[in-house]
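So, here's a batch of structures to check.
Here chain A shows up in two complexes: once beside chain B, once beside chain C.
Showing the complex of A and B:
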């Protein structure tokens, strides 16, 4: 194992070095970094040119200048890490640090959501193979896959953001829209749940009616202007979550697991007011983290206390429920700050942002800042999500179908296991193996930044930095040091995540051994 | 998998084509056993029907038949054909020294008098429905603020985008196939070297190379851009072909060819690659659909097709600021990108299904009826 890893690592490092040399030399020869100064009319033109030549070592030919850059990299070992300066004379390391943070924020959210939604949709389509639901999802995923992301992004800006902001001025939903949305919801649920005609009709009726009532309630109470859940809704949703999670994770027949998750929900509801009181004090991310750890420990203890045939099943179920329950309470708390946020001077009642990663000069509590990130993340995340969703959906579907045809699934059915146990315990887990590797590789690729998305939404991340160095927007080019900085991050991410994918694969699939 | 640019090739099904599996099943189906349990019996009857359907047909014929039955792929093929005809016949061809005039009256390069406030004059609602009748008008897709005819521009952009995706598909398939086949067939040092080369190409940011090429050869047009893109996105195909060749080279027919004294190149190109054609074709189609998105993305960022010429991505990029005032400048090129990419994706899906030996879905109607009858019969026999 160690030999395999070290061999892979050495090969990857050589690949990275060769590629970095190619990138450096190519970039340098692609243009003249003094272009803007040569044509300038400044009095001190000559001094400026000399300063830049001195700062960027332009007197050394590129194929040797690479080694100056590389020595800066090597000096990282003695604590003087240096990636050079950009044309404006700013250190690349500091620029890169900020850009990486904002890109990671964007990419992580979008990838996580895409994985969760994609896997769920993929499973449902695989279980309903060759139904009209399957066909529609297939069509939609091909459609999203064929959309240029910048086109999608501009559409989202225009139709989602601006129209939603207009809608928020007077949040009353028109009856026609309620009708259409309810019908769509009904048809979607009917497709997902399937069954005979009778069952389908009932599903359709319940789903459409529920959606209509909820929307009508939102409309009548102008909920979108003053969103909030309140203790009752948190409790009811919590009970729903408890049943759903228990069904999927342990099966409702496992009473102890059900009791543990219900106890977690009751405890969470009981703590609703005390927590809200606690949140009146200045809150930070650390507070939330500590609370989350405490909640997980308590939930684990509850599961352990209830026990059951297999204690760990109860512990696991309770832990999943407590995470979702905590999320509900947090969402509720965020919603309470919505009014303060949306009506603040900087926002002026149009909260969904189309540009940038935060509102400049916005001062507010932890909750208001959180809402600000949320409204800024919403559109770019949606664009990235739609674009990458298709891949995960198709992949999960194919992978699960492959597994469902295996002999051990037939055996599991023949043993008389419930369909839930067959799908969740035998099929789904095995189908996840190839998906994890795809996820690891994808994540590595995405860290480079979604160049186009960042450009459309004015997100100042690594993609933006890269583009600027390439001369977008009239800046002098080629600015080789920022390009190398971004390249280094993406290259290392690709190598690390490739290795990670191999490791995950070997640890999950016992048939594969590396040598 | 998406890559650095947010565009990529849809993932292959994780399953490896397992031809032996289907061969085994066919053998099983031909042998007759009287004491078989009903489930097995049922499966055999079904397989017999499937076998009958493909009796006496060559592999190519079977694949073709399956492909023709894939409705989505056939519709997409028709749409793509119509789009290509529209793009090349409307404003004519002006390339490779050829100057053919098309049937469309406006040039894409010249501004014209603004008609109807630059709004699209296309009307599709017939008069009896209260519309203004079905007519094209002077500028069916509208005009920009200077008066360029959007229809002519979109057609020109489409020609460029189609040319680029075709060239990219051709170049990347050729390079990927050769590198993958050589690496898989010769193995050893050469394989290691080629695969590391593939890693280098994967890791170098495409957008950077496109920008560099664009700058260096400013005026040599989009053909060169297409060739360069093709020289860069062969990597996934090379890996797939290598994997396929690695398994195929252990088969008996390769040994037979070797014993008969065939040279390595002959074995590779005459014996192994024709057997890997499924993987190659499917991957080539998907590369093409990725290529059109890549080209539009690069043009959007300003690193693709350069000024006097237009492409669909460049049109969107140029006009994205005027979305509020002239949305049609944005709608038309975008819709054509989606139409082209979508139809290519569906064709790729149809090809993948057609080449899959385990494909059982696309039986024709009479065979499906026979199958369900057989199942009932088997169920009755079992009960």
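Showing the complex of A and C:
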């Protein structure tokens, strides 16, 4: 293991070094860092030029200047890490620190969501191959895949932010829209669940009717202006979650696992009011983390107590349910703060933001700040998500289809395993191996894609830093040090994710050994 | 495209007052509680001292314009107005040029310390090159070999060092109880009015340099004065370092006194690369009084994102150079108003006269008349009106042709200038005239002209196409020498004609002289004319406005008769603002739309 890791690391570092040298030299030769001063009308032009030459060592040819930059990198070992300065004289390290945080936050959220949604959609389309559902998803994923992200972003801003905010001024849904959305929902569920004509018709009817009732309820109570779940909805949704998770994780036949999940839901509902009282006290991320750990321990204990054929299956199922149950309670709590947030002076009733990562000068509780991050993260995450979703959906579908045609799947079916066990235990796990490769590669690409997303959403991250370094107004102005800073972070992220992928292979596929 | 960042003190000359000379009735605050306006700018605020080479950017000046007071500032004509509530300046004598600057009693920094001559004296000392006693020297590896000397030495990293303030060689005298400073220029300098401004506070700079001494502000001010007067390098060394780098603050510093204000607003919050919030300075009475309690400036790079943020109510005011797309998007926003205006960058064509090309007399064996005829013929075929109509009018319907090399439309004297400067000969495309000139000169057609412009700049590529098409009809073969490295190649003789823009940063009359005087820094085409040189020299010492204009007319008449080049248009600028905000307008010079921030009003939000 250690040998493998160190071998991989050393190889990656060499690749990074060679690449950084090439990027450095190419960047230096791509334009003139003195351009703006050469056309200056200032009387002391010469002095200004000399000052910049000195500050950026422009008198040293790029082939050698690289080593000045590189020595700053090496000085990291003696605690003087230095990536040079940008053209305005700010240290790149301080610039990079903040930029890295926000970009990675954005990209990680988008990647995680894209994996979850993409894999779920991929599995369902593979299992319902060549149905109308499959064709519709294929169509949509190719559509989003081929849309340029800046255009997608502008559309999202127009419809999800500006028009939605307009809608919030009077959140009544028109009957026509309710009708259309209900029909679409009915068709989608019909496609996902499949079955004979009779079953399809029933599915369609139930799904469409439920959607219509829920939407009409939202419209009549102006729910979007005062969103909230309440204890009853949390409980009902919790029961649904318990059944769904048990079905996928253990199978409904495993009664002990089902009882574990249901116990967790009942306990969560019982704690609904106590928790809400607790949240009246100043809450921080740490409070939530501690609560999450306690909840996981309690859920584990419940699963252990119910036991069953395999105790760990119950424990696992209960743990998954408790995470989702906790999320429901948290979402409910956030919704309670929505009104305060949306109607504050700073927001003025237009909560979904098109720009930046926070509202200037918004002061509020943990919940209000959380909502503010959410309304700002929503659009850029959605843009990145939609763009990378297509890939994951298609790869999962293809990979699962291939696995489903293997002999061992036939064997599994032949020996009488339930369809759930065949799909979740035998097929899905194997289908994940190629997806892991894609995710690792995609993460680096997503940081690259974030350059445009960040610019369009005024999000201050490495993308913005990179763009500024490339030059304002499209003029060639290679500010090499920030570019190298961004290159380093992206390169290291790519290397780290490839290493992670290697490690995940070993846990997914027992045939692979890393030593 | 901006070709230069803000340069010279023109950038810092910004202030906050409406001129009500002699009228000093007591003023009450006009701030309306619970009002706030959010504006957008393209890049971040990164430093509070806009006189340093790191801090000198439009985006920093926009902010400091609202947090500082100055003796004078530009309105949107642009005309230089005086703020006599802050202080006064008078010319004591013409020879030697002597200017006395006096700050009014009661003008204070936001920590309560008086603004006085110590601040003026520091601004003088920091913006000249006299006190800078060491230059860093580097070896082949780029290491500074004299680091110890640099650390011990004095180096004010000012953008103005080496400029005209260097003419003030003797340490200026302080008078009027420490409120006045008298500058004596060793050489006459006509643009002295925009050559000196108040900079960062002296006592805060001293505090940054010597944080452990814990002196009172008054003693800190005295220490700065003493160090400058006695040229005490042990104090000036750390002081220069603090002045040069201490104010580079892209995020809110823990020591908030770094952002001391003597203007209508103080910086109360600054989040790196996202926004800066300015809150009304309660002590401020010495200038025009703002109406809005809080101004937030958000940093948004993407122009379309700015438009959508305006539509979504996240920002109230945006401005910038429009493209056809952003302009139509902005016009489609019902809740906002768009106004088009001219910016201070102007596009022009110059002809090279020293590269053995078609416009150089040397090509014709020194026959200056022949080369002149070819130049005149070329300028006659530049389709200025067509370029304006096709490329600029869609973005700014009010755009007009610029017919002067030294003044922009709206500047004092522009109308008289264009009548007197002979620019009319290139007003319209005159193919017949051009052909006649070429024939008369007896040159072989087609005449090859290597034409350089910024290749990836679509607008310039289109301009080239129009010029080339027009030139063809008169016998010019305009060769595409478009190059993205054009700024690097300026003046290297590889092109015969060039298209680019200069950016005007002040109304200083001598600002453009470096383009025409023989051998001067921005004279990129080898132009030389004794009459122009003489007039430019005379202009430096001419204080009479009417006389200045006569000299400028002489210079321009020579330029146009010598077929130096032609100016075409000013870059279009657009301002969009929410209909909830009143009294927003654009100005050509920095700080553009921010120029009258004190007039902005907006309805109050509900009280909390």
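Everything below uses one rule, namely that the second predicted complex is superposed on the first by the 485 of 515 C-alpha atoms of A that agree within 3 Å, B and C clash if a C-alpha of one lies under 4 Å from a C-alpha of the other, contacts with A are read in each partner's own complex, and residues count from 1 in each chain.
The criterion applied here is as follows: a residue touches a chain if its C-beta (ideal position, glycine included) is under 8 Å from a C-beta of that chain, and two chains touch if they have at least 3 such contacts.
Nothing here was measured: the structure is a model prediction, and the numbers come from that model.
**Student:** According to the stated criteria, A:467 is in contact with first (chain B), second (chain C), both, or neither; which is it?
**Tutor:** Both: A:467 reaches chain B and chain C.
**Student:** Mind working out whether A:457 is in touch with chain B, chain C, both or neither, as first, second, both or neither?
**Tutor:** Only chain C is touched by A:457; chain B is not.
**Student:** Look at A:57 in the shared chain and tell me whether it touches chain B only, chain C only, both, or neither; answer first, second, both or neither.
**Tutor:** After superposition on chain A, A:57 lies in contact with chain C alone.
**Student:** A:390 contacts which: chain B (first), chain C (second), both, neither?
**Tutor:** first
**Student:** Quick check for you: in the superposed arrangement, does A:31 touch first (chain B), second (chain C), both or neither?
**Tutor:** In the superposition, A:31 touches chain B and chain C alike.
**Student:** Of the partners chain B and chain C, which touch A:158 in the superposed model: first, second, both, neither?
**Tutor:** both
**Student:** Considering only the touch criterion stated at the top, classify A:309 as touching first (chain B), second (chain C), both, or neither.
**Tutor:** neither
**Student:** In the overlaid three-chain picture, which partner chain does A:98 touch, first (chain B) or second (chain C), both, or neither?
**Tutor:** It touches chain C, and chain B stays clear.
**Student:** Looking at the overlay, what does A:358 touch: chain B (first), chain C (second), both, or neither?
**Tutor:** In the superposition, A:358 touches chain C alone.
**Student:** Mind sorting out which residues of chain A both chain B and chain C touch, each in its own complex?
**Tutor:** 31, 154, 158, 455, 467, 472
**Student:** Which positions of chain A touch chain C when the two form their complex?
**Tutor:** 31-32, 34-48, 50-52, 54, 57, 59-60, 64-65, 67-68, 88-90, 94-95, 98-99, 154, 157-158, 161-162, 165, 345, 348, 350, 352-358, 360-361, 455-458, 460, 464, 467-468, 472-476
**Student:** Using the touch definition up top, name the residues of chain A that touch chain B in the complex.
**Tutor:** 11-12, 14-16, 18-19, 22-23, 26-27, 29-31, 130, 142-143, 145-151, 154, 158, 384, 387-388, 390-391, 394-395, 398-399, 402, 434, 438, 441-442, 445-446, 448-453, 455, 466-467, 470-472, 483, 486-487, 490-491, 494
**Student:** Which residues of chain C touch chain A in the complex?
**Tutor:** The contact residues of chain C facing chain A are 1-5, 7-8, 34, 36, 38, 42-43, 46-47, 53-54, 57, 129, 135-136, 138, 140-142, 157, 159-164, 245, 248, 250-251, 269, 271-275, 277, 294, 296, 298-302, 304-305, 308-309, 311-315, 454, 456-457, 484-485, 487-488, 490, 500, 502-503, 505, 511-512, 514-515, 521-522, 605-606, 608.
**Student:** Per the contact definition, I'd like the list of chain B residues that touch chain A in the complex.
**Tutor:** 1-8, 10-11, 13-15, 196, 199-200, 202-205, 207-209, 211-212, 215-216, 289, 293, 296-297, 300-303, 313, 316-317, 320, 323-324, 330, 334, 337-338, 341-342, 345-346, 349, 361
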